[in-house]
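You will see chain A twice below: alongside chain B first, and alongside chain C after that.
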Partner chain A sequence: MASSKKIIRKKDFSLLQRMYLPEIFRGLMTTFLQMFKPKITHQYPEVRFHPPASFRGRPVLVEEQGVERCVACGLCSRVCPALAIEVQASETDLEKERYPVKFEINMVRCIFCGFCEEVCPEEAIVMSNEYELAFSSQEEAIFGKDKLLIPAEKLKERLEFLKQNR
Partner chain B sequence: MAKITIDGIAYEVDPKLTVIQAARDHGIKIPHFCWHPKLSVAGNCRMCLVEIEKMPKLAIACATQVAEGMVVKTQSERVQKARNAVMEFLLINHPLDCPICDEAGECKLQDYTYKYSIGYSRFNEDKVHKPKRIQLGPNVMLDVERCIMCSRCVRFADEIAKQPVLTFTQRGDHVVLTTFPGTQLDNPYSMNVIELCPVGALTGTDFRFKARVWEMSSTESTCTGCARGCNINIWVRNNEILRLTPRQNEEVNSAWMCDFGRLQTFKDVNSEKRLSGPLMRKEGILSSVGWDEAIAAAASELRLFKKSEIAGLGSAYASNEDNYAFQKFMKDVLGTKNVDFVRHLKEGDEDAFLLRADKTANTRGAEEVGVKPGEGGSNIDAIIQGIKNGSIKALYALEDDIAAIPEIAGVLSNLELLIVHSSIQNETTAAADIVFSSSTYAEKHGTLTNFQGRVQRIRPAVVTLEQDRALDGFAMSRWDKFASHNDRWGRPIKKDARPSWRIVSAVASAVGGKMKFNSADDVFREISEKVQAFKGLNYQKIGNTGVMSKTASRAVPVV
Partner chain C sequence: MIPFWIILLKIVVVLGVLMTAAALVTFLERRISAFIQNRIGPNRVGPQGLFQIMADLVKLVMKEDIVPTAANKTVHDIAPMISISIALCTFAVIPFGNTIELFGYQVKLIIADVNIGILFILAMTSMGVYGVSLAGWSSNNKYSLLGGLRSSAQLISYELAMGLSIIGVLMVAESLRLDQIVMHQTRYLVGWLPAWNLFVQPLGFVIFFVAAFAETNRLPFDLPEAEPELVGGYHTEYSGMKFGLFMFAEYANMITSSALITTLFLGGWHIPFSENWGVSPLVMSLLQVLAFCVKVSIVVFFFIMVRWTIPRFRYDQLMNLGWKVLLPLSIANVLGTGLAILLISS
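Up next, the complex of A and B:
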């Protein structure tokens, strides 16, 4: 380590240091002063944290006019380092030809890396700002289309963020 | 022999070859779309342009014959530039369909785009749009936008399938592949154009959108649709067969297979009607029982009959190993000579190409390993007669729906005991007293002997309850490798089935006979020692493309 020198303790303490008490008061002062600074602790769950657009919450599927953007190409599934995504494609009469009959993300596997969002050719899967994920069983942690589909309007912030940072 | 130089290395090649063939024979890959070793030369894609010294312009390697002293460069700057240009030209109107295209992952255009294109597009104008989702025939779909007009499919229909119904209409970038009015691509080999098509313009109606190619594992095996035994790959995801594709074997099927084999032979493996675990008739109703109970019951029931009252039917659908173990059990353990099997010939249902009239995969093998009457024993006709007149009271039948044959169906009710091996519920299992659920061809190791006398391997691609994909050395996809119990896809349906040779050996031991086989390999080792046709063969020698059995007179090459 480059800074190893700094952590070696000096053998000779100064007089002030040897007196001990002044340093204690200095520490207490720092603590005391904090009381007059603005509070940053949230009273969760009454008060909730609203993450910025760059936050990577649980991945969700973008829904537009009642249908998912996803074409079930399976690229997110392939790129996912945690193998969290399972997609089963099928044919639709819509112009996009393919759609996912089944789209499941195993939230116990997901590591919130955002690779799925990055690889998606349709901007159909994005990282939302949802971070409240608690399950009582592993089965419950597998999110199907019912939980994944979110209307595009609700994902505006993230979609805008992606547009600007591409 | 002509002396030529390719990329600075001298080779001696047959002067009849073209440059692309000569290069290929020496492992030098020249990129190409329209050229195919099994089809005539069209020379229209221009991808195989190479530089030949003393020729003013670049030449297409597929239509240039080698000549003495020829110096070919396949990697020069001029060639690279030409490839870049061809790729750019092909991609101008090619849709950005890869995410929804079944070919993605095994697409020549994709691969070559990575290897030979400049990596970006200079084309800002609108792409030409053409019809999508066109049903070319019952089994093949066409997406004209993706077509690169290589004409491979047209030539296949003309030259190999002999059904010239495909053609191009329009000109320039408006060219459209289509069938002649009033015709469709419905020959028995139509689906070969799917692999032949270098892009995703032609896709299979059956497989369409089922899976991405990288999600499946593939296993080398043999088709069981008829006595030809075309070499195939079995593609599996989540323990389910999704498609079969032909595998090249010059001696058997060239590079092709028929649509029947491709579509129908694996449906039984995935079928809803699959049996899982043995069944036994209790108070008139077939009910599920454990293996030990069924095996013990079969043995004790069989012991009640005299040797001459028992008959055994092997199966032309079952492997050599199954049939060998079966006839050994019948003849050596039970001591009956009434052993034969049912032939399934459909006269007139063959052609001059691949299809055979014999609709089973292993007639020849069943005969060779000894599924035939012992001296003075009854053949199939005599067995039917015997059941009718009551001299045969117990029948043990291997993997064949014998009750679907009217002559046999009529007499089955005379039997006092019917033991059946079957992988699916059918009329025979409905009439049986004891049913053993047997593995399909896609769940076991084994060999089949085709009509030529070629011994070919089948390999397991689907796991049954007693197997483990990783521990038993199956082909594994990425999904198989990393599956855990809390993934839905990590819990595939596994059928409780066992290979027939194993079931038969277990029943034989329960009867008191000596039959100890631990693996298909074991059974085959004994076959190779005891049966003349298999002398000296083993699984390693059979390999991926099979070997001729010792009794085969000569290879019958593919037309």
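Up next, the complex of A and C:
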């Protein structure tokens, strides 16, 4: 593929350009003006990055009226390429009839692909916007239901995003 | 006769200020480079990150000092010492102020008032290359050796142009003493323009400035430590405080070069039009020292700006620039200056 850009060779330079110095001062002017532009750095622990709705943070279970949406069908566990999800189903008196007794995601294994969210028929597991995931041991990295359940109000942005883009 | 202890006091003060300033410049370099790249830079330790210097120092001192088994241990130890001592020695002949009255003595604000000031500086900076070359050779590492060799080749191609560019200044000032050169710049050219050599010798100024970058191994010409090609260059095999000394020597050299540029071309401690301010001599002397510091800081700032603006020259481009451009230009400058002096005096 031929580039549309004109190739500039040294013989095409004007005398001023050949003298280096004027061009160097032009470059210095550019860098000098850059110094007064706004900084793009986040002062991390104080100022946190708020990810957009399309961000795939740690997967969480959606909780509605104190109960998870999950019906423990086990599709997420089947589709997970890293085998990070473990679900154990049981029966319940609620309308949905099934619920997970045990729902564990091993955050060391999770690759944040979002397949679980994509495959879920109930929109019960979604990718949140949490990205601060550091552990000091393997055991600590296995998230049970206690850490996974997040009220639906807190996940509004992502649920809205999924509605529009699925 | 000035007593011994006053000279000692001058040495202690100047050395202290120089070392503090060199450490401060390492910090400034990081902050300014960050600002140029729209970042913030180190700002966590102390006010505006100012104590980062101390944190760095502690880190360097605590680090393990690794010497490669194949290295020549003695030379490996001596090389950083050469670098740092030469970087600090060079400042001895630079006048940082006019005479000042201190404890009843007329004290010249210069550590060693030698009559061959410029030659001393040129000799010392040429010695500085031994630190780099020996470091490169003694590490017994191909990258280090190449870095060391490059530094000597670079020195040869730049020292000539540098020396010749100073000759113009010497012809104008008719002295090798640095304080005499500064004195000569306190006159005025056409009433409002101070006779700084920047205006008298613009070509010499440009050549000297470019050569100063090569002399201090700063970025457009930092071939001895060209990271993408030579890993770390001559200090690849150095760690801990020995590496720190090389780093420190680079920044001390930068300050010395800036001070030299200030002295030779920017009027040294001279403040234009300060003659008719009518302040007391003591205040005047202090103001002049301050003016010297301000001028040096401006040049140092320029050094840093250039480093973060211009990409590295290729090796052959550097040689081309040194031998085919700067050397003829500096010779032409000497001839032109001679001609001008002849025409004006006759």
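FYI, the second predicted complex is superposed on the first by the 135 of 166 C-alpha atoms of A that agree within 3 Å, B and C clash if a C-alpha of one lies under 4 Å from a C-alpha of the other, contacts with A are read in each partner's own complex, and residues count from 1 in each chain.
Definition applied: a contact is a pair of C-beta atoms (placed from the backbone, for glycine too) under 8 Å apart; a residue touches a chain by one contact, two chains touch by 3 or more.
Keep in mind that this is a model prediction, so the values were computed, not measured.
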Does the superposition put A:83 against chain B (first), chain C (second), both, or neither? first
Taking the superposition as given, does A:117 touch the first partner, chain B, the second, chain C, both, or neither? neither
For A:24, using the defined touch cut-off, is the partner it touches chain B, chain C, both, or neither? Pick first, second, both or neither. second
Touching A:72, do we find chain B (first), chain C (second), both, or neither? first
Report for A:37: first if it touches chain B alone, second if chain C alone, otherwise both or neither. second
May I ask you to name which of chain B and chain C touches more residues of chain A? B
Give the list of chain A residues in touch with chain C in this complex. 21, 24, 27-28, 30-32, 34-35, 37-41, 43
For chain B, which residues are in contact with chain A within the complex? 98-100, 104, 132-133, 208-212, 214-215, 478-479, 482, 486-489
Show me the residue ranges of chain C that touch chain A in the complex, using the header's touch definition. 32, 35-40, 206, 305-306, 308-310
Touching chain B in the complex, chain A uses residues 71-75, 77-78, 83, 86, 89-91, 96-98, 104, 106, 108-109, 121-122, 138-139, 141-142
